[in-house]
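Notes for the one structure printed next.
Letters A, B and C mark the chains as written, and numbering starts fresh at 1 in each.
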Amino acid sequence: MIRIEPRNAPTRLLTLGVPVLSALVALALAAVPLAFAGADVAAAYGEMVNGVFGSVFAFSEMLTRATPLIFTGLAAALAFRARLWNIGAEGQLYLGAMAAVAIGAGAVDAPGIVLVPLIVVLGAAAGAAGMAVPTLLKTRFGADEVVTTLLLNFVILIFVQMMLEGALKDPMGLGWPQSAPILDQGMLPTLIERMRVHSGLVIALIAAGVAQFMLARSVWGFRLRAVGENAAAARHAGIRVNRTLFSVAVVSGGLAGLAGVSEVAGLKGYLTADLSPGFGYTGIVVAMLAGLSPAGVVIAALFIASVFVGADSMSRAIGVSSYLADLVVSMSLLCVLIGGFFARFKLVRSGRVAA
Amino acid sequence: MMDVLQILLSESFWAASLRIATPLIFGVLGALLCEKSGVLNLGIEGIFVAGAMAGWMAVWLGAGLWGGVLVAAGAGAFFGLIHAILTVPLGLSQHVSGLGVTLFATSVSYFIYRTALPNVTSPPRIEPFRPLDIPVLSDLPFLGPVLFQQTALTLLALILVALVWYMLNRTALGVAIQAVGDNPDSVDAQGLSVYGLRIGAVMAGSALMALGGAFLTMSAFDAFFFGMVNGRGWICIALVIFASWRPGKALLGALLFGAFDALQVRLQTEVGALVPGQVFLMAPYILSIIALVIAARKADYPRALLTPWFKGQR
Amino acid sequence: MTSPRVLSLNALSKRFGSVVANDAVSLDLHRGEVLALLGENGAGKTTLMNMLFGHYMPDSGGIDVYENGQPQPLTLGHPQAALAAGIGMVHQHFALAENLTALDNISLGSEPLFALRRSRDRVRAKVQGIMDRSGLNAPLNVPVGHLSVGERQRVEILKALYHDARILVLDEPTAVLTPQEADALFDNIGAMTRDGLSVIFISHKLREVLAFSHRIAVLRHGVKVGEMVTADADERAIARMMVGADTPVTAREPMRPGAPVLTLADVTVTARSARDSLQNANLTVHAHEVLGIAGVSGNGQSALAGVISGLLRPTGGSISVDGRTIAHPDPLAMIGAGVGRIPEDRHHDGIVGSMSVAENMVIERLDDPQVQRHGLLNRDAIAQNGQALSQSYDVRGPGIESPARLLSGGNIQKLILARVFEQSPRLILANQPTRGLDMGAAAEVGRRLLAARARGAGVLLISEDLDEILGLADRIVVIHDGKLVEVATRDREEIGLKMAGEPA
């Protein structure tokens, strides 16, 4: 008979090793769909590695892809630490992007030193509002935030489409449903010439650093951790649970909003309804791979971005569908979940005793 | 105002309502079965996709329509098994595992579809379920067009509502499922397997969800599109809470939902010039949120929902 | 004993990690016998019975069940095998589905799962027969969630009997009952044993063990330290056997009560069930005074504790601490007013298990400038505080930086005591402060409460253990059905009647 027993305290090796191992297992499992698609598995892996590390440009593309994932990963990680299930980062991302083009595409004509911070702050505020609403519905009415944030993603996306055919539509856009471009001085500067990687990445890294510090060292982080780990005890100890959740919601939504700002103002320049290929949902995988640690989010985002960029490149070269990347991402989530189980519990074989 | 009344009294309106409600009925029943046993299954959205793809693909490859339905149910049960293993014996977060299953089932479905049909621009079609033509019944006034000129899958959904209700309330199995969702110790103490009941309920519930997906590709439409499920799974999760975990109320909720959706399509054609069409597209999601907000406090949650249970720890 | 043996446990041993829960414990049980398994909390009684019922797998040893006088080895680690062998167990935490009726709970697992119909009439007839013979009565058609604790317990016993139990194990059956209900239960047990049922009941209450059992086995630290026929037993000798020394008596010096520190005026809490409500509660606790709240669990204690700890907003009435009315009672306001709270469920409400011992020691004063500066934690101060408190309150564990959940129950309670007492509270709410602690740790809690009283604090002690209240309290108030009644007497019989709601 095998029984499950909790480990006392997971060792450092386990907490760090499990996500790495899970990611590698998920990558290795990609061989199954590759073989199913009839591809030369070794060549496919080679193309994937090449697609990320083959050139400075390839690597910079990976960093570009990682930028929104760091933001949405942080959004999920902080919320999940407080047991606030923000599955709405996708919608909040679009709210941030919408705010960015609403201000940046000509509505406010100011020098960059004013316009850029304005875009960043208001984009974050829009995302924050997007999470504040479901959090209030949760604390006031007990409506499960998982379901409301999921449903709001659809509402917001449709709203974006509406705006792109209405108020935000680019009059010069030849009828395409897209917004007018953000003014040049409102764009986040690129980091390397002739590459797409932009200073949104710097903001993302700073955000991760600040989040890591605040979580461990601030009273706010203390309250967040206490509420997430045991809301009843936190409440008993005089921590205002709903107020804490609300503050976490604002920060989490704001970070997701920044993902949208950085995509629009750092990369695309204008808003379309297909701005995000699911960065909000992928952020959840990033956060889980990171063990909900902000510093880990950076590493996990780099890994997931590599999978996407590598798979795209492999797809162009070999013709296997780039949905392979989504497959690897989802498998790494399942793997890290299972891995997390073995980090927290051990299976003990208890021998049967003769009666 | 007269127009609305006219719409509400027409047979075609109610037939459309039931048609729109059908995938939701399957989905709500599936989610209800999982949750009654104590397991939230957020894999539902992906399982809808998997059911839609698998059922369609089976028929496209030459299986009969009912063969396709079976394949869809099997695919649903398979992804349900993954969720069940992660959440029942391993006791992992039902939220995260469910989302993981949704991502996994969706990407598996898309990958297989893309791999099988790499270069198609317009999706290939199958011959879907046809509306029934039952002698006598289909010719009944009102009931005929509303109930008996639907496809067989819609009738199956209605029959399943009754079956699930009967199973839950009138059989020993149903009593055991309700018990395991309230207090797993009660089941364990009587020598029944908590794991077995929960895994079984999640697999069966997931198979039902997949039928909701299969209805989309094999009855409502005749092809598979990316993004065709479009949040229907999440709506079902909201409807289960609205229905307070009762099959009858779940049917009612799905029907109300279908009716509202059918009404908005009809209103859209009338007032479409005044309001952007997207307002109507948003309506179902907003409606679900409102339903959730209204029902949340009164909802009679299964007590053991979301709580993992480990053998030998009491 | 002349009647034949029905069960023997042979040298059962069980360890959890490094803790030996049971060390080669052997026991025999005879037909129609009531065997009391006596021991302190943590002595290994429940572990032993969980091995008997198949919840735990023994590390070594075996169990025989006798069929027609012949020993049959019991398959270990399988509740099904225990059920099939005629062993029934009633846990302290009832294994009942509250959304189902008693009848459904009783018949659960006895019918084929995949049958299309159920035979409820046959089940009902059999249960009715058992109720008639044993005198155990419970409403069968009401969801169990609506039944009283006593009724639920009877449903549990009926469930075991329905499954043809020949051996019934009751884990602390009287913990949730009034003395009168407990007597009725033992009457029913008497009737059942005359029918041939054998009963093992687990208890740490000497009095009921002496009154109702035929034989007594005493466990201490996982070892069987004694076994005797009840008729020959000597109370003091057994007590010594249980604790390994004479019971320490906490000396309570008489004191003159000071000014009121807590006053409840007409405090009312309306809740869905009567058990979670309070009706016009009036109460005063003075400085230098321990006020004991006696009552059977589920009579409004949690509402009373909820109001005083600030978790529950009363629907009417007012609360004042130290003469000042608390306008908006919430946990922060109560802490600020000088109320120290020792919660009933220390794991659930007392600590955040994954946070460190040091962090848990400052969790109630995050706004204190010693703990934070400009919103940032003063980690050195938190660590020093943790170190100092761990020493003065003797909190033992893997260290102040390790997660609090790794502490034992007694050490978790010490952590909470340290947190509460260090703030020199005016009033201390101690809700079941010794539940689940061994006698040494419990005596320590009592000593600390009395020390606070000597310092000038008022103590509100809520306990289901009447002995604890009689030992510590200066005045006693009985809580029943959400109503408070002060009693002048210290006679346990009279207090017991009040606890049962009798006018007496």
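Keep this in mind: contacts are C-beta pairs under 8 Å (C-beta built on N, C-alpha and C of every residue); 3 or more make two chains touch, one makes a residue touch a chain.
Listed by chain with UniProt protein names: A, B = Nucleoside ABC transporter membrane protein; C = Nucleoside ABC transporter ATP-binding protein.
Owing to the predicted nature of the structure, the values given are computational and were not obtained by experimental measurement.
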item	value
Most remote chain, CA-based centroid, reference being subunit B	C
Highest C-beta pair count, chain pair	A-B
Between subunit C and subunit B, distance of the C-alpha-averaged centres to the nearest whole Å	44
Whole-Å gap between the CA centroids of subunit A and subunit B	28
Shared interface positions of subunit A, touching two or more other chains	3
For subunit B, residues contacting two or more additional chains	312
Subunit C residues counted as touching two or more neighbouring chains	57
Touching residues on subunit A, where the partner in the complex is subunit B	3-4, 33, 36-37, 85, 87, 137, 141-144, 146-148, 150-155, 158-159, 161-162, 165-166, 281, 284-285, 288, 319-321, 323-324, 326-327, 329-331, 333-334, 337-338, 340-341
Contact set on subunit B toward subunit A in their complex	42, 82, 86, 90-93, 95-97, 99-101, 103-104, 106-108, 110-112, 114-115, 118, 230-231, 234-235, 237-238, 241, 276, 278-279, 281-282, 285-286, 288-289, 292-293, 296-297, 310-312
Touch list for subunit C against partner subunit B, complex	50, 55-57, 79-80, 83-84, 89, 91, 93, 95-100, 104-105, 107-118, 159, 163
Residue ranges of subunit B touching subunit C (in the complex, touch as defined)	170-173, 175-176, 178-180, 182-183, 185-192, 302-303, 312, 314
Of subunit C, residues touching subunit A in the complex	57-64, 73-77, 309-311, 330-332, 335, 341, 343, 348-355, 359, 363-364, 366-367, 371-372, 375-377, 379, 402-403, 406
